[in-house]
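As written, the chain order gives the labels A, B, C and D, with residue 1 at the start of each chain.
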């Protein structure tokens, strides 16, 4: 059956599989100290325009968020996030398990607003009792957000400016970073984004890898003994080159961006198709996730012919569903959908 | 200077001091295994009408909330609380430090609403992805709330009913329990309240004790090895009788209720006084904390003559301030305030 | 250069790579709900002779130990382990990070002794102050141990009997399980081992997989919502079939045991070679890890021709080093070593 | 019945009770910001000869150890302690609950030996795999130890020197500090001890207070926002002056030292009495705790006439028991014991 269920339903890009196969019988040192990890880090630093950045590979998004956030917050601090942010809702309390509160702020279309953030920080430090409260110690953003939306360069600059003023790091969750940067509406390059964040991660799992995310500490401020901190949280892979090989491949000949752009092209075709057929959009998403409002009956009928995700109830009669493209979505898939709609 | 700053600015009720002095040179066994703790527990069980309840003494509110909540939640669970609840805001992240999320719901005048709670629980279990989210594992209420308001018996019954239906315990934070039960508007007795909760605590610190809160597990379901769990969190006092003696005294001849009622009488006098003088109330509080809206200039003037608490900014020109009475507030104090206003 | 450094220096068994490649473009549901995970679990249950066992896949050993142990211990409990056990020494405090103490007992050649365990448990419960101490809540064993040694069936039965008597679960770390079960000296089958443990894991990373360990709860007592608990600890992979495919392959046509036996055959050849050449053994290991005592100069010379692991200092002049074989070690490798020694 | 069970079986020194009573109706600000805390801190700084020290009051020993240690260790660090240390054995895993390992070293008569410590640290950093292990981040000592023994000034200097060389703080648990410093064998003054430690606490609970310990950060390096960190762990008392008043009294006119010396005088009388009567000592303790070897029958007979503590089994026929004196032990108590022995 046709599937637009999510961007992690197929394996790895064929070039990645090939690299894994080719290196399979080499004897490599463990825990990320191998040549592939080394090479991948070099290429990522170059792509980010941050020659001094420190890069670390982890397995998945929740793990990455927990390890990075816990390693950067001080004991009395929490992390600010949009109420709809992944760390707020869909990580089973992984951040709280590390002992830190997620300080949830109201969001708009998945985005944290600079004015809301500023007001929150201002009020916190004005409150005479703030020593009895959790200190804001970091700002967490998703790019794209959980609703497929994007911060503009200007919005990101404003938020980064506030973080700077309050001396708290800005952390950007790039689980779908490629699909954000390659959006037709993105007005940011990877080096620009890297310049605004203290730390962010380049998502692999949802952009062509089997698993793996690349954490980038842009200002050489990776927490001391980060390897040990990752190990403690069960996040250090013995055969660490599995990540190195994948990211080495993704950052060779712009593969990461090329396949991200293909997914965006497919998403735009999808969008045009839904418009053409008169479907209602829940919101305007410029990335690979499209949120459509379906009547119950229409949804039930469609479910028999194509896979998509239930997102949330809208009202008694309507449901928000998600259609996602990925690096592996083909034009034929979109053509197939056209026949169904 | 006159002080209505809070209900914990003076020491202990004189009868408590007397009991401490009288027992001072007795040799008593440690860690709460003494005769005073035993006696206090008996009296509390009787006052609650729960002969089988298990009672444990802890030092303060934040400690009690953390120890109780952490000991009752399973690893994948969080605690539901009003967004304005003490555990949500003013405990420096003590619950998150135990690894559990506070699932914050919108509140009205500090109160969690049954309909909001029911909707949340219903939506949680309907969500196909709920295994990626924090499970609701307990409901936390304050009685009185942080805004001095009270749940009616009916409201508490509704919430308890929902908890029962979803098989999660109801926990009530009674830091100011006496001031709630003795309110002119309270329609609940202690045994009725005990009958509706799985666990609650009777606040001592704010109601005449030097320190100490009495946790009551109403259905004999104190978590196994609770003493060890308390010890782990640094909450077990070597000279545990310090709590026993205080609660033994408070629950002898209804002292706890008598002094709570006095504070309520003083609060009602305060309320009448503010009305009479034309002050605006931020909300209608039936307990010992009164929230008044003051113009900036009026506030600055008053501050020189009487102590009260800054609560929160209201708008550019107004501030919410709190006047609190306690067991130690005298009619002379109120008369003194009359002269100032 | 020849490498006997460890059993995780090469990638995956070619059959595994082939399975990954073949399934690469299938659309599969996430988080381990796919057909490959399902099939792998069925085959593992069959291999263990535990039709009702519950199986869960995790990425690596430290992660597995932390997730399993934290999910099974109660708040007041710790896990008993040999002082040389992996959880005691080489996991960077991953267990303590979950809030639980590792109760370290003296070990012999890496093995916990039944008499020592029994004495410890007996003394604990006799101590009047044991409520101020960490309760023993689980026993952790490694099979093979960190020194390559094996428990006999009888020894395991004794330990399991003690656990049973004290009603604490027995957990066995099988990071190198295949190399233990296929040892010439092993007197245990997988079903027998499964019958004695409450939970154990079948190591994949060191036995032919790229990553992945299979946790087996033998008595259908997987902790409730284990998926959520794993997610919280960042241990849930989006593309969970990566584990499923690997274990499905390993447990097809006895591949897991066949390749383990090959490693043991090579290790025995290694052992014979070291004997023949007059090397001293640090201890008698019947599995794929051989511990040799080398003089400093001999070690420095050898290091230039073959890779092995530094293990620990023995005395001023001698060092313990480790030579390990794996599924990928060939007879040619051993022949190569013969030329060097 | 006569009681030598422990040094925390009676209440507070009468002067402390008097101070509490006298200040009872004063309106005081909460959370330790009152004049009594301020005054007590000044006096403690003076007594320690550390004008720049930062002082914080907490309720009991386990709480103090957990709050101090957790606030000072970095995520990848553990605390080194004697295997018989209080944090290792008798705090129910409170340190591990904060996520940190207690790195237990062999001890002699309760004391950590400088050579053992040095060897451990040396070996740790030489180990190539130390990034997979818990980093030693602090040294914990008890003075007196759990066996009543004392470090000499020279021993403490050696340990402090090692800590300094490895740049890890030295923390001293002074639950019974007075009984150590006032021992006839002590060759250390409080200022000397303060000069050697980075942080230590002056025990109140066991030396005349109802509750309370005074943490002293000797080099003005109290962790940032320590109040918030304490609050998070439930360790911040609303009526914080309860500690201030007690320590203000204890450090007025040398009361702390005077009453400690009385307890030591009584302990020496006890010691002489046991010698005279031919009892065997388990070890030579120069402080207020005396450890005696009793035959089972003798123990059973004595138990009916005087209270003491069971310590540990010695062999089949003998038991180690503890007789402790405190500030409240009188010469009449010792005379009473003489009649019994």
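Definition applied: contacts are C-beta pairs under 8 Å (C-beta built on N, C-alpha and C of every residue); 3 or more make two chains touch, one makes a residue touch a chain.
In this text, all values refer to a predicted model and were calculated from it rather than measured experimentally.
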Maximum centroid distance from chain C, chain identifier (CA atoms): B
Between the pairs A-C and B-C, the one where more C-beta pairs touch: A-C
Centre-to-centre distance between chain C and chain B (centres being mean Cα positions), rounded to whole Å: 50
Separation of mean Cα positions, chain B and chain A [Å, integer]: 42
Chain centre separation in whole Å, for chain C relative to chain A (CA means): 34
Residues of chain A whose C-beta touches two or more other chains: 76, 91-93, 97, 99, 131-132, 228, 231-232
Complex contacts: residues of chain C adjacent to chain B: 70-71, 74-76, 99, 131-132, 135, 223-225, 227-229, 231-232
Chain B-facing residues of chain A, complex: 76, 78, 89-93, 96-102, 104, 123, 126, 128-129, 131-134, 310, 313
Contact set on chain B toward chain D in their complex: 1, 3, 5-6, 8-12, 14, 17, 20-21, 23-30, 58-67, 91-94, 97, 205-206, 210-211, 228, 231-239, 242, 307, 328
